[in-house]
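Next come two complexes built around chain A: one with chain B, the other with chain C.
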Partner chain A sequence: MQERNISANNFEQCQKCSICETVCPVMANNPAYAGPKRSGPDGERYRLKNGIFFEDSLKYCLNCKRCEVACPSGVRVADLIQQARIDYGRKLPKLRDTMLASTDQVGPLASAFAPIANFSLGLAPVKGVMHLALGVDRHRTLPKYASETFVRWFKKNAEDKQAQYSKHISYYHGCYANYNYPQLGKDFVAVMNAFGYGVHLIEGERCCGVAKIANGMIEAATRDARTNVDLFRESVKAGREIVTVSTTCTMTLLEEYPTLLKVGNDQVRDHIHLVERFLWKAIASGEVKPVWKEDWKARAAYHCPCHQERLGLGIFTMELMKMIPGMELTELESNCCGIAGTYGFKKENYKVSQAIGKPLFDDIAAAAPEFVVCECETCKWQIEMSTGVPVKNPVSILADALDLDKTAILNKPTK
Partner chain B sequence: MPVKNEFDVIVIGGGITGAGTARDCAMRGLKVLLIERNDIATGATGRNHGLLHSGARYAVKDSESAEECIRENKILREIASNCVEDTGGLFITLPEDEESGYGLDYQSKFLEACTKAGIEARAISPKEAIEMEPSVNPALIGAVVVPDGSVDPFRLCAANVTDAAMHGAKVLVYTEFLDFLREGDTILGVKVLDTRTGQKAEYRAPVTVNAAGIWGHGVAEKAGVHIGMYPAKGALLVFGHRVNNVVINRCRKSADGDILVPGDSVTVIGTTSTKVPFEECDHMEVTPDEVRLLLREGCALCPALADTRILRAYAGVRPLVADDSDPTGRSISRGIVCLDHETRDGLKGFVSITGGKLMTYRLMAELATDTVCRKLGVNKTCNTAHTPLPGSMDGRIETVSKRFEGGATAGQKGAAGRQGDLVGKIRFESEEDRKLICECENVTLAEIKYAVRELGVRNLGDLRRRTRVGMGTCQGTFCIRKAAKALAEALGQPELADKLAADYLDERWKGMRAVGWGDTLREMEFMQRVYKSGKPYSYDEV
Partner chain C sequence: MKFDVIVIGGGLAGMTAAEALQSAGLKCAVIAEGLSLHNAPRNAFRAAGGTLLAGDRVTGGDFDGDRLVRVHTEKLGDVALEAGAFVLATGKYFSKGIVADMDKVYEPLFGLDVEYDADRSGWFDPSFAAPQRFLEFGVKAEDGRALKDGKPLANVYPAGEVLAGICGAQGDATETIRKSGLDAADAIRRAR
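For the complex of A and B:
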């Protein structure tokens, strides 16, 4: 009679089993948060009756999406919560939130004045002012800005060398690799080139929008999303798959564009690849062949970021890392680090953020690795600040562990 | 032996008509006894759409009913603000209606009739209709906006009973009418049975009012008078969430499944109309054919219903006064029938009030009370149209929610929506009291305790009618043990908890069975799995 049941974000599929509550890192640490079931599918039924049922406590949701991973009924719990914040929580974002969220507007400015910006952002008095006036917690150091962006470096040093390769991909670098950590981008280019892929920028790529979504700047995020999808489509038309390095950017492009921003990505979805899976598949299928440095050795621990869990891609990073002969890898228990993008930077969230991360920090201390392997940049800040253990991106590890020259020779197409 | 009358009037039936009559009589200074064999609002009162009719549905065929409706519609918005939601309504015309003679020509006729009946109605374009209610069938070719709304019949009935009691009425629920006390051609009172204790009792009054809905047929028979009643079953489906926020009707001759009403956290489609034997009135089950029909017609109003989870199905029986010429029961007026059996049948001290509908209950009560007063020689005017019901002095949720310092919690907002300005009587004292028992419907322990303390709750069904506990998506699976424990303790009989919970779940199961597929079936399986072992978890954990 009825063949299917569809409702916004599947909220009617909720059986009220409450499994999501058992995995919510916030619920366990902040009694003011009602939890995913009540904030999501339960709350939705009453919000549909009257917006008065929207609760301010929805702002405590990290959007880690662990509830969605746990849900046996396929309810997009976190999307429901983000959607409610978009629909009912309409207040002008604070100056701080705008600042934290506008990674692609603050980025170019800060990069231009990087030495001054980095120096002053690190000063105790500046931190104090930011804590009090802006609500950025004083314990946090805002990510440093690079004086030369990745894009500028690429254009100067790498762009004209890309045509020589026979395979080509488009690289969605995101804001972090561009403004804060160009080395990641450089490592990416080195690894891809070694495997015989020409790397191309997506001219005009915009921020994925995740920070804007989290901070209520929906119009801006939607504009960016439309631009990105159009650019991806052009890339696909030109025969270039899109490869990404940031977990959260990837989740936003794949999952949140259609659900939260209502920007359809059907035509490009299957062409967007997170680099770890892309490379694991290429190596495992024999399409590319790695040559590892013989003396490379490391004892590391893998932390799977929440959004990597949501995408179900952590396994590829693990397997890719295990391909490195000198790698001794422990997998850390799946736990949220507590930073959740801009969330942990806000002073009202600092305590909860650290409490959420504690089990992970304890695990890292017990494993005592040389470094932590992690794909996510914000997890990196949180783990490094909280444990003192360095965090390395898998791409940078490959760039280090591969004998790039020999790999390049081996993967050169024979004509 | 001279008999002293304890009461001026006895009202049989705790549905909306009896409750309204008890209130009106009590407000006019009469000493009132209200008896009800179950809980209040358990018959047709609690088994309908909860539609606050504008009257437009009746405008073309029955202008008298239409005029009554719109008058009462305006009154209820004033006196029952806590029970009414001003959703507005649409009457839509679909392409296929053109073929069956109910196209846009009929819409003009309909508009004219509405205006004549005093119903503010205006035609809007299909585009405007879709903007107003995005879930409406986008194929529509015309729409008329009318002042429909939704009304919570449980709340409305409870408010009337509470107000009657506040004006001195004695209210006996779970008290079954057995027979009349009679002397010659005069009804002297009633014999009743307390269904919980098994004790019988007699009460006397110079006038007894039969307000027992479809069961009034049997009550009248006991008095030896005949009212030709027509039990017309109406089935309805409850959807899992509010699909629409505006009432959607079909602009054509009234038919099955052509009204879709949003109420509280759900949407209801109905109804059907089937003549049923009197014996079936106590055991209504919704058939697969009825479900199919309601879904088909509902999808014509709002295509999204085809993919929306159905929580349950239920049916009520309209107390229509039979008109043998039409077998479907649709063409008879839903007019009010107020019978003074002294003038009609030569039987003194007995009045029947029947026919009518939820919308016109107040007017029915006024007519019945006028008759009672005339018989008693009391000269008092009716004030029910101007006096707000308890909870509705300023009952809007937006206003009531503001009372809570530091912002209302979900449970407090839920309570504000249900209890209106009586929310101040709920004691949100301890953290325990503020905890939600029913998370689907935002019901706290404090509200449950309040309902037990002040609203005459005996079992979980009674509690559900007053608080919506267990009415949400899980149909009680996750809250009912906690609610049962709270209720049993509040009643001072903690050992009752298991039985209360089991009775409740049996009743929920019945409503889910009729729509047991998809996610509802999963929920049923889940419920069964949780409770199969008898004790799913110990009470110490809840």
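For the complex of A and C:
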């Protein structure tokens, strides 16, 4: 009798209870998708016999990982599906998929020509051509590119001021903060500096690889992963913990590197910290002290992104936000917004993407907050496009709610 | 991180207890390894402002004498969860609230006392439809508190199917399970 699990992703622990099917946002909205149980552990039994049992419908999985959160037996259902796509997926990624996924190759180009890129990508005829020729849905507005990347701004304006601090961290900014929304990176530097941490770039950091994994570009993703882990190791050696802001990047670095890409991260895993957890701990333990603006007030609603749900660290965002005296915060019911990174940009997924997000959009409309609190960049695009309610990253909220000058004075090391 | 009450297990018993306590003004967190289909108490608990740690797993706890002080979870790492009282609603075999070996049945999280027959031959009836003795096994309790080494712990309240004598797989025990959640909530409020 075999008593212990011997296959990857806890596959043999599946007891066919089907709870994963009740939480799958795709299954509820797309009849072409067989659902997490059948695509994952059920299908795996056949695929282990013969790869011809691989089904193309696995591409509809948006890798939100809600099945894994729901599973009472610890089966990595979504990983089974992603692994099958990696092992048996026969089709080469389309040009569109490669473009959407290559965030750190397209990013520098688009940033260099940001005004032209942003202007032309917003034009109806261009959108029409992209819809027809590339399959990027015409309803979508592609994320804007910043003309000055975060890294360029940092080197010009902030880098040489970092030596004055007594504590130091490395900042994994990811593609989004660098190319699309440098303000997030600037807010991060402002908050960290105010708390007395010097911020350092991880020179040569690569994209975490999540979009490449989702689009079947496994070799490129693996290369990036190796580079990143090496760089993280150097940072740890230099005595700097790595602080991240994107929940999806963080999940990829922590979870997908060893399971899907087979890039070991044991030596650096415990040194990678999501910023909300990092700051909550620092404030709760009294290591740093915040000074809040006296007149700051807001009524907001927290949307916990799927990958944060999977990381299980949303509690830190809630507790950190609740520390702000003027914050009136409600928590939205945990639902997928439907964008799932590059998934929602694809023409064939647009309808399903919006249908998945509807319960969340309705919840936001009912709560009518001044803004939505959310750590995820692609959730931000989706929620802002679909509800018109602005979405703010917790780091940007801190940068706004903190009295940065007074906080900086309070957290200056006393000699 | 501090709470008034931490509930381990997000099934019917755990969520019922958590909702009752949160609605009574206590700050509660539920650690649910896997979700259950009992949406009504879960939604009520969330609406009352309760904290749900979905998909996380308790790995162990620290005792001070007969008091459970804090629990550690897989995902929160070095941030432990402290509370004045704990509800243990981890269910039976399926959810590993109790675990059966070839010769013993035990409670895996805290090593609580488990009621089971010493003679293994009486654990089950080969006739599938007959009442199954093993389904009656579970954690022992006295005045609502779990027993460990023969003595009741000060602040650990088992509820639902993890308890000896409660079993949802034979007949409809929904009301019994729900009531044991409410009983645990009552006992915690009385003890405060």
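Just so we're on the same page, the second predicted complex is superposed on the first by the 411 of 415 C-alpha atoms of A that agree within 3 Å, B and C clash if a C-alpha of one lies under 4 Å from a C-alpha of the other, contacts with A are read in each partner's own complex, and residues count from 1 in each chain.
One rule holds for everything that comes next: a contact is a pair of C-beta atoms (placed from the backbone, for glycine too) under 8 Å apart; a residue touches a chain by one contact, two chains touch by 3 or more.
Keep in mind the model is a prediction, meaning the values are calculated, not measured.
Asker: For A:Glu159, select first, second, both or neither according to whether it touches chain B, chain C, the two together, or no partner.
Answerer: Touch status of A:Glu159: no partner.
Asker: Figure out whether A:Ile52 sits in contact with chain B (first) or chain C (second), or with both, or with neither.
Answerer: Only chain B is touched by A:Ile52; chain C is not.
Asker: Does the superposition put A:Arg38 against chain B (first), chain C (second), both, or neither?
Answerer: In the superposed model, A:Arg38 contacts chain B only, not chain C.
Asker: Counting only touches as set out at the top, which of chain B and chain C does A:Gln15 meet: first, second, both, neither?
Answerer: After superposing on A, A:Gln15 lies in contact with both chain B and chain C.
Asker: Going by the contact rule set out at the top, does A:Asp363 touch chain B (first), chain C (second), both, or neither?
Answerer: In the superposition, A:Asp363 contacts neither chain B nor chain C.
Asker: Which partner chains sit in contact with A:Ile6 here, chain B, chain C, both or neither? Use first/second/both/neither.
Answerer: first
Asker: Determine, under the contact definition given at the top, whether A:Asp403 touches first (chain B), second (chain C), both, or neither.
Answerer: In the superposition, A:Asp403 contacts neither chain B nor chain C.
Asker: Considering only the contact definition stated at the top, list the common interface residues of chain A for chain B and chain C.
Answerer: 15, 17, 73
Asker: Which bits of chain C are touching chain A when the two form their complex?
Answerer: By the definition above, chain C touches chain A via 1, 29, 33-37, 43, 46, 49, 51, 53-57, 73-77, 79, 94-95.
Asker: Touching residues of chain A toward chain B in the complex: what are they?
Answerer: Those in contact with chain B are residues 1-7, 11-18, 34, 37-38, 41-46, 48-50, 52-53, 55-56, 73.
Asker: List the residues on chain A that touch chain C in their complex, please.
Answerer: Result: residues 15, 17, 19, 22-23, 68-74, 270, 277, 281, 284, 309-313, 315-316, 318-319, 331, 333-334 of chain A touch chain C.
Asker: List the residues on chain B that touch chain A in their complex, please.
Answerer: Result: residues 240-242, 245, 262, 264-265, 291-292, 295, 306-310, 397-398, 401, 407, 410, 413-414, 417, 436, 439-440, 442, 472-474, 477-478, 517-519, 522-523, 526 of chain B touch chain A.
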